[in-house]
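Okay, here's the structure, questions in a sec.
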Amino acid sequence: MGFFLEVLIGGLMTGMLYSLVALGFVLIFKASGVFNFAQGAMVLFAALAMARFSEWIPGWLGVENLMVANILAFIIAAFLMFVVAWLIERLVLRHLVNQEGATLLMATLGIAYFIDGLGQTVFGSDIYKIDVGMPKEPVMVLQGVFEGGLLINKEDFIAALVAALLVAALALFFQKTATGRALRAVADDHQAAQSIGIPLNRIWVIVWCVAGIVALVAGIIWGSKLGVQFSLVTVALRALPVVILGGLTSVPGAIIGGLIIGVGEKVSEVYLGPLVGGGIEIWFAYMLALVFLLFRPQGLFGEKIIDRV
Amino acid sequence: MTRQIGEVILDLQNVSLSFGGVNALTDISFDVREHEIRAIIGPNGAGKSSMLNVINGVYRPQAGEIILRGEHFRQMNPYKAACAGIARTFQNIALFKGMSVLDNIMTGRNLKMKANIFQQAFWMGAARREELEHRAKVEEIIDFLEIQHIRKTPVGRLPYGLQKRVDLARALAMEPQILLLDEPMAGMNIEEKQDMSRFILDVNDQMGTTIVLIEHDMGVVMDVSDRVVVLDYGKKIGDGSPDEVRGNPEVISAYLGASH
Amino acid sequence: MTTANLLLNVNSIEVIYNHVILVLKGVSFSVPERGIVALLGGNGAGKTTTLRAVSNLLAGERGAVTKGSIELRGERIEALTPADLVKRGVIQVMEGRHCFGHLTIEENLLTGSYTRTDGKAAVAATLEKVYNYFPRLKTRRTSQSAYTSGGEQQMTAIGRALMANPSMVLLDEPSMGLAPQIVDEVFSIVKDLNQKEGVTFLLAEQNTNMALRYADFGYILENGRVVMEGQAEDLRNNEDVKEFYLGLSSAGRKSFREVKHYRRRKRWLA
Amino acid sequence: HAQAKGKQAQEQFFPVLVYRTGAYAPNGAPWANGFVDYIKLVNATGGINGVKATFEECETGYATDRSVECYERLKNKGGGATAFQSLSTGATFALTEKAPVDKIPLITAGYGRSESANGAVFTWNFPLLGTYWVGADVLIQHIAKKEGGFDKLKGKKISLVYHDSPYGKEPIPLLQERAKMHGFDLSLLPVAHPGVEQKSTWLQIRQNRPDYVLLWGWGVMNSTALKEAQATGYPREKMYGIWWAGAEPDVKDVGEAAKGYNALAMQHGAEPDAKVVKDILAKLHAKNEGTGPKDEVGSVLYMRGLISAMLGVEGVKRAQERYGKGKTMTGEQVRWGLENLDLTQQKLDAMGFAGVMRPVQTSCLDHMGSSWVRVHTWNGSKWQFSSDWYQADEKVIRPMVMHASLKYAEEKKITPRTPEQCKQ
Amino acid sequence: MIYRENGQFKTSYAADQQIFPILQDRWAILGILAFAFIAVPLLADEYLFRAILIPFLILSLAALGVNLLVGYCGQITLGAGAFMAVGAYAAYNFFVRVDDMPLLAALLLGGATSAAVGVVFGVPSLRVRGLYLAVATLAAQFFWDWAFLRIKWFTNDSSSGSVSVSNLSVFGWDLKSPTDVYLFCLAVLVVFALLAKNMTRGAIGRQWMAIRDMDVAAEVIGIRPMYAKLSAFAVSSFFLGVAGGLWGFVHLGAWEPAAFSLDRSFQLLFMVIIGGLGSIMGSFFGAAFIVILPIFLNQMLPWLGDLVGVSISTAGVSHAEIMIFGALIVFFLIVEPHGIARLWSTAKEKLRLWPFPH
């Protein structure tokens, strides 16, 4: 029982971390109807910036304080993400208004390649460290209740908390505000949105910027967990079933989806995996999402797919 | 005129359809006779399109019955309807945007093409022959609707009016017994409406196709149709010959307005 | 028309789609302040394209104005974004409705007020006005617009544009798919706004009869060229216009049943 | 080839398949730097008996198809490739099929397919210095020694956390064999590429509480495993990695938390004090001619690359002894050289490998040449040796190699070379 | 004024329905085929064959398969690699388990197996659409990646999960030299391209496109979505399966599941998008772009560097390579969102007008 709870909690925590990446996808999709393949690359890029600047800043400024270095690095990295968002709008999106989903998806892929290359060129391709002082040692709780106690990971716990806060804030921002409405309008029909005076350019910069900040937060959390290096981009893959399960257009969906996938993944691997040789969690997560989709093709909280003639 | 209006071919009985709180159709009954041109009119949102959707199975009514050539159906499904010879056009044009006009119309022949996928892959005898046969048929329709010059154009590039015409052509390619037309003349000027009316009359006349027509242009409806049914917010408020309907005060107040 | 109060001036523009398809071949026209100008013409004449050129929505269709100039109150506007134009009070109601399918009718209308800065109360007032114009929308206000009927969508599209409090509206086929009563309604709204609030209209219409009844001035477009222009009154009395655009012959209105298969071709197409 | 180039200055071309980008770049780059530095060093000290060693890098990104492309691109360059070193198990499998056709030896020092140690069947493969079966065997030996004898292994629980790919699966047959022999309990825990998500793996470990965890990872998987071990409170002292899981990039960003973690050293560990390292610093890096950052020189993977290059060069040298000193060797000739390597301790010491390596002697039947291994441990800031030398148990490995290689020979319709054929 | 169809009147529908109705096109294609079958074997060297042309041909075949499903039937898939893997491993099993199994038969059976699997994994498409479906198809990808690593039977009990084949021959023709392999792949590709073209210009192709463009309307005119979608999955998987077999058997010789990993699936999808969805020709353009461009850049950049006197490190080259590659993808999309094939047809349209502007 104690162990089952541990698996469950482990799943929930991992799920929250997935949500954080999933959120980036949802934001951009919701606001422009673009499935942003570059989200993984953005996470890596942001994390690299954060890691390298926090490493360089003490040298540049002569401050030794880790906290100061981290804060400065965060600000610089956030600014960098803003520049990236602005450039993406200027150089890419602006020229692809009103194009089909596949085209836009492909364009974000081109962006992903570019950012990957750029990040590694500027920041290097070694493993780097982000140290924001997250506690790494596990804590045991409820030792009286279960044999061996319940092992909880503080780092995961803090990360999950941050993810939850971020999601709540964004959900609030998008709900019912005029901007939120405008974003949904843009996602439905670029041209019509333009025709009534919604400034696509500005909207896109804003959204990509927010997605960039989300990527930065995800990058910091994942980076401090795993170390900052190229494999961070693959975290995006683990977040995909979360996105479709929760619904591509739903901010809260990203959370719920994350929790379901996280738990499903861990429970299946731990309890079913050994029966078939292990390593099933990835495809299990996707299968799980697929099963949900068979009942709700738009994901749990996604906007209904409209088909009407 | 060889046309002779026959027996009731399609009969809707007490059909009700609602979406959530919206009652699109409430207890509607009406019939269509063979070879006639039956018009449906009514204000926006009255449930006209929904009615067509019920007939060919896109919507499933909550209550009522559809009787097609004596056969009773609780509800239709689109494929069954197509097999039973019901074709239609759409209000918000539903052409296959990525295909040329010719290919769009050829899809209408789909039900009549029998070659299997292997024959098609190898372009073998049967498939090849079939393709040519049906192409000839489709060309007749193209000639009939006078769209020869745009056969190879992708439909996405066509102006609205021509798209409507292609939509009609695709439906005609099915050689339907019953043709459902949802505002075929919306967005056309008089001249084009005249053309369209002529096509509809000719189809009805020469091929004996039964036609159910939704249209907001009263001129067209009055001139072309044999019988008219009037819907208002899901309810039937009138049914009869154009002249009867035109004189019906309820219809005037709900739909036509004073000037017509 | 005097040039003094010209609002919009389009000067022999040429439009090409996809770098190869030449659609407008030198179209010129002008719209006076507080005027109602109608663009008429058959299918594919280029009306929609003209409106898109004015409102700068061509880019999304991979089209471009390659020659000529477009001036709004004397200012060249080809390089502006559609949003800039809306800020200058010019808004387009697009052909084919283009409602935001996932948004409810009310949300659709509210998006129209995105550029307004005059406060919530003013927006609410306009919303009320639109609902007054189209009571049907009010009853369906909470439905997702993708599921509303064609006519309801058309009303939504028009209403949405009005929500911006525009000074000029480009209306592309406003009457399409509307019941006769509503068509009357739409045109009287046009007249109403024009007279009471001084809104200028440029409308592309197939319903020539209606358009010429309400417009001051008309242009007839065929094949990407202006083939005829004149006061609405004069056009209405022109024999060709009568025959080809109004469906009237010397013997009065022809029945749709009696249309002959082969008719006289339009002179200007020769 | 040699004749055609006879008149020009003699050159020996070494293709270098590397991955300096992508998920495995942190591990691929130091290996490549070591490899290239050694070639440069050879040239700085007069070449291979006067023959200039040339090289060209080709980026594979650890992908098999790009490795094949690189192979095709480089195999005929510079007068013909001396030997290929694919540095990826996947690429090794693909190139194993190609090398015999092109007659180019394939050196896979410390990786590749374990049964290719049998040179009678795998004529062109040289898994020098050790295969995964050697590694796995030594790990069990080491654990047995810790426990106080093989008989103490009975009933013990050992988990293998492995990269879910042919690389990670190579040790399994041997471990299973050993588990049968000694009665320990082996559980297999695969981790999907690239290995960033291991929570459930470590939950299972927490549940099973194995006595030892063997780590068969590469790249980010290793450091993630260590971090998860920390997060689940599994003692790092009980973790043993293969030699690809025992280098600086694997522990660097884990730091203090990896303290106590052990891994095999494929003979060498981090060797900042070796003479060859000092030579490189003096002759190359001091003149700014080195490859990669200076402080990386002598690190574990750097040394692995360096030794790999050295083995290739020595193969050429040995071949020259038979086919003519100061000449460019063809792939076929190098193959003979690699098959008849005799790196005695004296030779090694003279080359600056004193304390780094033990003798290597290959033969027709033994393409591995040496199976000496020791263990090193991360002390929080650097790797330190923590065991004696071990040698893999021939009695266990030999039958497995023979069995697997003969099965391969049968599938491929290869007749294994007889000892007579070998002598030619 | 050279490229014109003026004066080429078609007197029958058969003539009008030819694959290349315009005379100049017919000559061009004949020329290209002659070049590919006769001139290339005489001109190309081994590197060109093994590293560029053979992968290009095989991936073109795979891209063709993906295009049938994604471009023609509108069902986005990210599981293409899995179907290649199924084809490759199935062909392998037929090849090694059945005595005297001819290579061609093994490949085709591999394709057939893949088609059957494709149908099963296509079933969700009946309910799930668009991007949701795309992500859901990843389930197939990850499942098969896993299965081929874990289930030993598939790999003939090879302990590592890697398999290899050799001694390939077709009707007594030994596929040894790169030229032979090239010609074999080319022949397979030409045949399959022809099949694909036939299907797409025929009734089944129209069914697929109708489903893609507007599935409700398609159903209304009597197209069964189930049949259309599943047949597209089957045919596409068949192509992919055969391509997978070729990739394993004749290109790599030995492979592990990673040869058909997710990266391959993405790569194939990119090929068809960049080449042109719904265009046979586009599949070739896309494959060329994605296969050849990176290799070209990889070799070109150091050379360029030398030219201006800077030596770029291997890592620098690779980073620059992916950056340029990404930038070029974006550039091409901006120039023509519908892919290179559309660019090509626009160019032809312009050529028709040439030298007049309109």
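Before moving on, here are some points about what is shown:
Order of writing sets the chain letters: A, B, C, D and E. Residues in each chain are counted from 1.
What we mean here is this: contacts are C-beta pairs under 8 Å (C-beta built on N, C-alpha and C of every residue); 3 or more make two chains touch, one makes a residue touch a chain.
Please read these numbers as outputs of a predicted model, since none were measured by experiment.
Shared contact partners of chain C and chain D, listed by label, are A, E. When you average the Cα atoms of each chain and compare centres, the chain farthest from chain B turns out to be D. Among the pairs C-E and A-D, the greater number of C-beta contacts is found at A-D.
When you average the Cα atoms of each chain and compare centres, the chain farthest from chain E turns out to be C. Chain centroids computed from C-alpha atoms place E closest to the centre of all protein C-alpha atoms shown. If each chain is reduced to the centroid of its CA atoms, chain B and chain E end up 41 Å from each other. Remark: chain B and chain C have CA centroids separated by 28 Å (rounded to whole angstrom).
The centroid of the Cα atoms in chain A and the matching centroid in chain E are 32 Å apart. Between the CA-based centres of chain B and chain D the separation comes to 74 Å, rounded to the whole angstrom. Residues of chain C in contact with two or more other chains: 147.
Along chain B, residues 58, 90-92, 94 each make contact with two or more other chains. Each of residues 20-21, 25, 29, 164, 190, 192 in chain D touches at least two other chains.
Contacts from chain C toward chain E in the complex involve residues 16, 18-20, 22, 62.
Interface of chain E with chain A (complex): residues 70, 76, 124, 127-132, 135-136, 138-139, 142-143, 145-146, 149-150, 214-217, 220, 262, 266, 270, 273-274, 277, 315-316, 318-323, 325-330, 333-334, 337-338.
Partner chain B is touched in their complex by these residues of chain E: 13-14, 16-17, 195, 198-199, 202-204, 206-207, 209-210, 212-214, 216-224, 231, 235, 278. Considering their complex, residues 17, 21, 40-45, 48, 95-97, 136, 140, 143, 147-152, 154-155, 173, 176-184, 206-209, 244-247, 253-257, 259, 261 of chain C touch chain B.
If you check the complex, the residues on chain A that touch chain C are 97-98, 178, 181-182, 184-185, 187-201, 249, 303-304, 306, 308.
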